[in-house]
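Next come two complexes, and both contain chain A; in the first it sits with chain B, in the second with chain C.
Take a look at the complex of A and B:
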């Protein structure tokens, strides 16, 4: 009997090792309990999206101008089980955008001027012999036309890693993460840690997470302010403005433009700290609820250095074709650009508190109702409500469709005013319509395919699920966008 | 149960769509009929149609919500209508001070391949370089006001001009009369502008 028991124990042990040490000795040395690996095999998620937006309230244009933007992203997320308890997740991706709005940091076409050469909207053909002969005329631009300046396009590259460890009883999970991202004028480094505790046979979960992001701007200013910062009060006869006619509101030449409010930012750091609390509870067999509360603090350069502001109590000055001054704020303006009074100025601190609730109702095998509500407030006076509903409907074993709708409403920040409505005596100002009052609606849906047997394989990986989503977004301030996202999950 | 739930889901989506549609903000402004871009299409002298030069036909008014601009073009094509157009402009708002801000339209774009799209936009509207020798004589820019949607006052650096405008074709065309003395005779010039 003793030999049989020994043989059984040996076989069991070998089997357990072969299965990836799925068993562990429990607290009682005579009792062995099953411990499922947190992640059975390596999983690879490949995500890609294409986003396109249009609007009429460009923040770079001080609240007017095209907001046309396209953005294509690609991401790969690899989750690797290091052992039974530990998982390392690496997320690497890039986002490539072209933006008419940010292209208008330097909005000017043509003009044989210093700035146009310096900022790249003038293509030097490396054949210097003819450059002097070309008549580039007077430079002109429009907030409704995308400039071809260097800032028109950029690529954001990001990478992050998360390590998670689950306790033997799987009731405690702690995580640590680090991330980094870089684009032309901005880079960010982040790190954080989290802890989740499950109770009541995993029917209750409490979690806390802390993150910090240490970001740095490489400030880029609108051309006219950059020149003022460089040459001071003589800037109209130096650099870009040397020989460039500046027009007043009547289209007459003027030398009175002087953006005295502008001064370059001395601090280019932006730090963000967040603390997140979550509580999740399975209420019944069909109903699950969770609430979350975040506390976020930002400090440093919270203004975007290239977003223009125009003061209502300052005269307007332009560069370009005077005939378009009357229709400056409409798309009919094809040739004149208003010179900024300053860039946006926002407080050096921001304290944000979002609080939210999720309710998921599993009606039956085929229908689920996922609902979400969030209230947001911050010390800049912004208040918002978000509500969304998603209704996944299973179509057989493998297919699911999920229509969704999201409503959002926002009360403007104290520091926001539309184009040309700020006053020069104000301390803080922005004409970025993301901080204005608006409502938005997002409609969309998705279609997912799940194959637990992974019958479709590429090399060592089988396709576990494929997901495609589309949504249309409309904002009451005329911004609209479409996004399509594709996600593929492969498992080893 | 499943049927009831499906009906509920459909009803919920329909309700949300209804709410969303109702919430659409109407940003349409009640603009004055003069707002827009208008190009000269014809001219009559004492009721008889008068030929207008290619450059004369490029005369453009742009009316915004508060401001207007008026741009005339000069050219070397020897069309007899050209002189009359230029005379008229001199009588009206021609702000010679604008010469210093005269815009040389788009030839500079030739060497900027990135900006082809914008170049095309401009050419279709206001560039005089399409095979002609028309050049902008400068634009007069100012503010406009109206008392009765027919009598318009145009105020520019050069002073005030009164225009009595008659709209036709459902507001897509207007004309105004301008009286001058030529050889001791009163001559009425009527200018027709088409909305672009």
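Take a look at the complex of A and C:
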């Protein structure tokens, strides 16, 4: 398939060039040629969103547990014309999230290494019954309850800059970009360059873009594995586990828990390299299309260090209240957490080939049809199809409403198995349901306002457009989410 | 299935490459803001969460890497 897609990329590049370049008449060196500025004035885009999700297959919980997550984001994008030909675009933003799932890296209420509000020092017992579920002499947790550990929330801060240069005839555009992002346990540095060429009276555009991202983890492991990595086979009598009762499947005390499969990762780098081809074509006065082909290679630490895995051929051990062991995988479990056998192990490289097609049709002065299709394949065995349609309806010159629908279907990665279904002899394993087989449906719509005269002004900037969109997402494995986004564009 | 997909894509490529030229003054519909061939800026965050919650990514003219996406 990879060979076919490469052949396809070459084919569409050749067919584009075969249309010939525009012939630019030779000009006398003294002739004055009018050249329109690429960007007339500074433009400022302000974007913000709020995302909320729920699900029952927490990857941190080894494929079971709450996936509650909220994420608030804001970005500002400033495009500055440096001269007639050059534009500098700066994009800065943040994403602040709270995640019940990643909060359960240390799921235990109590102990020396994590949240210590309850164990040993939380003995309210003032007979108002507010502590009935908490007055328990050992630490406990549940994959269905969010821990208050430090990893429950984090902020991703990012910044990127893109410089673009257009040729005098505006048929060639060069770009160079650099980016960086940082969060508590991860940071990323990226850079790249691109070239776009327009042909055929600007009816055809061919582009190529190369990017590299050099990322680095600061690996954080689930508490029980962290302690095992720290103290070795004596970890049950040291550190967090010193004096903490470990239970077996029957709720009896046990000292047999030993996660021997676990070893800390020695490589904390994750590098991504991409080569993107683009081809767009005006087909008729009302129809245009584009094709995108990406070739992506990732290498390094592609596993997420805090996502637990449980082996079916290993005994289960718990910390917490034994009465909840029989209902461990249901939300009824409010007080016991299963100790991991290992974290997920994934290959050290991944080769991805997605190819996408957009087709937009101007049906009439009221309706436009926007469509998108993508086929994706990678060498982890994951295959997917994506199709979406958006139907903008114009309500006068300034207002547009657009309903949208997106369908996605995915075949699981070869390395995925659900909770407690992997075996210890496997080389690679993950219970992250984002890599499982599922279908998803996304419904939504938006409302946009455009004012070319920018009659609404703030300081030196006029509002050119405003867009608000909402969508609801449902995955066949019970994950669902909602997102609302606001986008404002101001021009100087 | 893969063979059919390849044949379809090659046919599309050849078809796109053989289109006639539309003059600049005939592009009033093509230049409509809703006809833009890239994803809209307001789709950025939806694309982000799709990349996080699904195994596939890319081929949408947007970002192709960088960042964890692991929450």
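A few remarks follow.
Rule of thumb we're sticking to: the second predicted complex is superposed on the first by the 435 of 492 C-alpha atoms of A that agree within 3 Å, B and C clash if a C-alpha of one lies under 4 Å from a C-alpha of the other, contacts with A are read in each partner's own complex, and residues count from 1 in each chain.
The rule is simple: a residue touches a chain if its C-beta (ideal position, glycine included) is under 8 Å from a C-beta of that chain, and two chains touch if they have at least 3 such contacts.
All values reported here derive from a predicted model rather than from experimental measurement.
By the touch criterion stated above, A:327 is placed in contact with chain B alone, chain C being left untouched. Of the two partner chains placed by the overlay, only chain C lies in contact with A:186; chain B stays clear of it. By the touch criterion defined above, A:441 reaches chain B but does not reach chain C. Shared-chain residue A:229: touches no atom of chain B or chain C.
By the touch criterion defined above, A:145 reaches chain B but does not reach chain C. Residue contacts after overlaying the shared chain place A:362 against chain C, while chain B stays out of touching range.
Set against each other, chain B and chain C touch different numbers of residues in chain A, with C touching more. Contact residues of chain A toward chain C in the complex are 1, 4-5, 7-8, 11-12, 15-16, 18-19, 45, 47, 49, 51, 53, 69, 71, 73, 75, 77, 97, 99, 101-102, 154, 156, 158, 179, 181, 183, 185-186, 188, 190, 200-204, 211, 213, 215, 217, 272-274, 276, 278-286, 288-294, 296, 298, 304, 307, 352, 354-358, 360, 362, 368, 370, 372, 374-376, 378, 380, 382, 384, 386, 392, 394, 400, 402, 408, 410, 413, 434-435, 440, 442, 446, 450, 465, 467-469, 471, 473, 475, 479, 481, 483, 485-487, 489. For chain C in complex with chain A, the touching residues are 2, 5-6, 9-10, 12-14, 16-19, 21-24, 26-27, 29-30, 32-37, 40-46, 49-50, 52-61, 64-68, 70-71. Chain A meets chain B in the complex at residues 109-112, 121-123, 125, 134-138, 140, 145-146, 148, 245, 247, 249-253, 320-330, 332, 334-335, 363-364, 366-367, 369, 389, 391, 393, 403, 405, 407, 439, 441, 443, 476, 478.
Within the complex, the chain B residues that touch chain A are 1-2, 5-6, 9, 12-13, 16-17, 19-20, 23-25, 27, 36-37, 60, 62-64, 66-71, 95, 97-98, 100-101, 103-115, 118, 121-122, 125-126, 138-142, 156-157.
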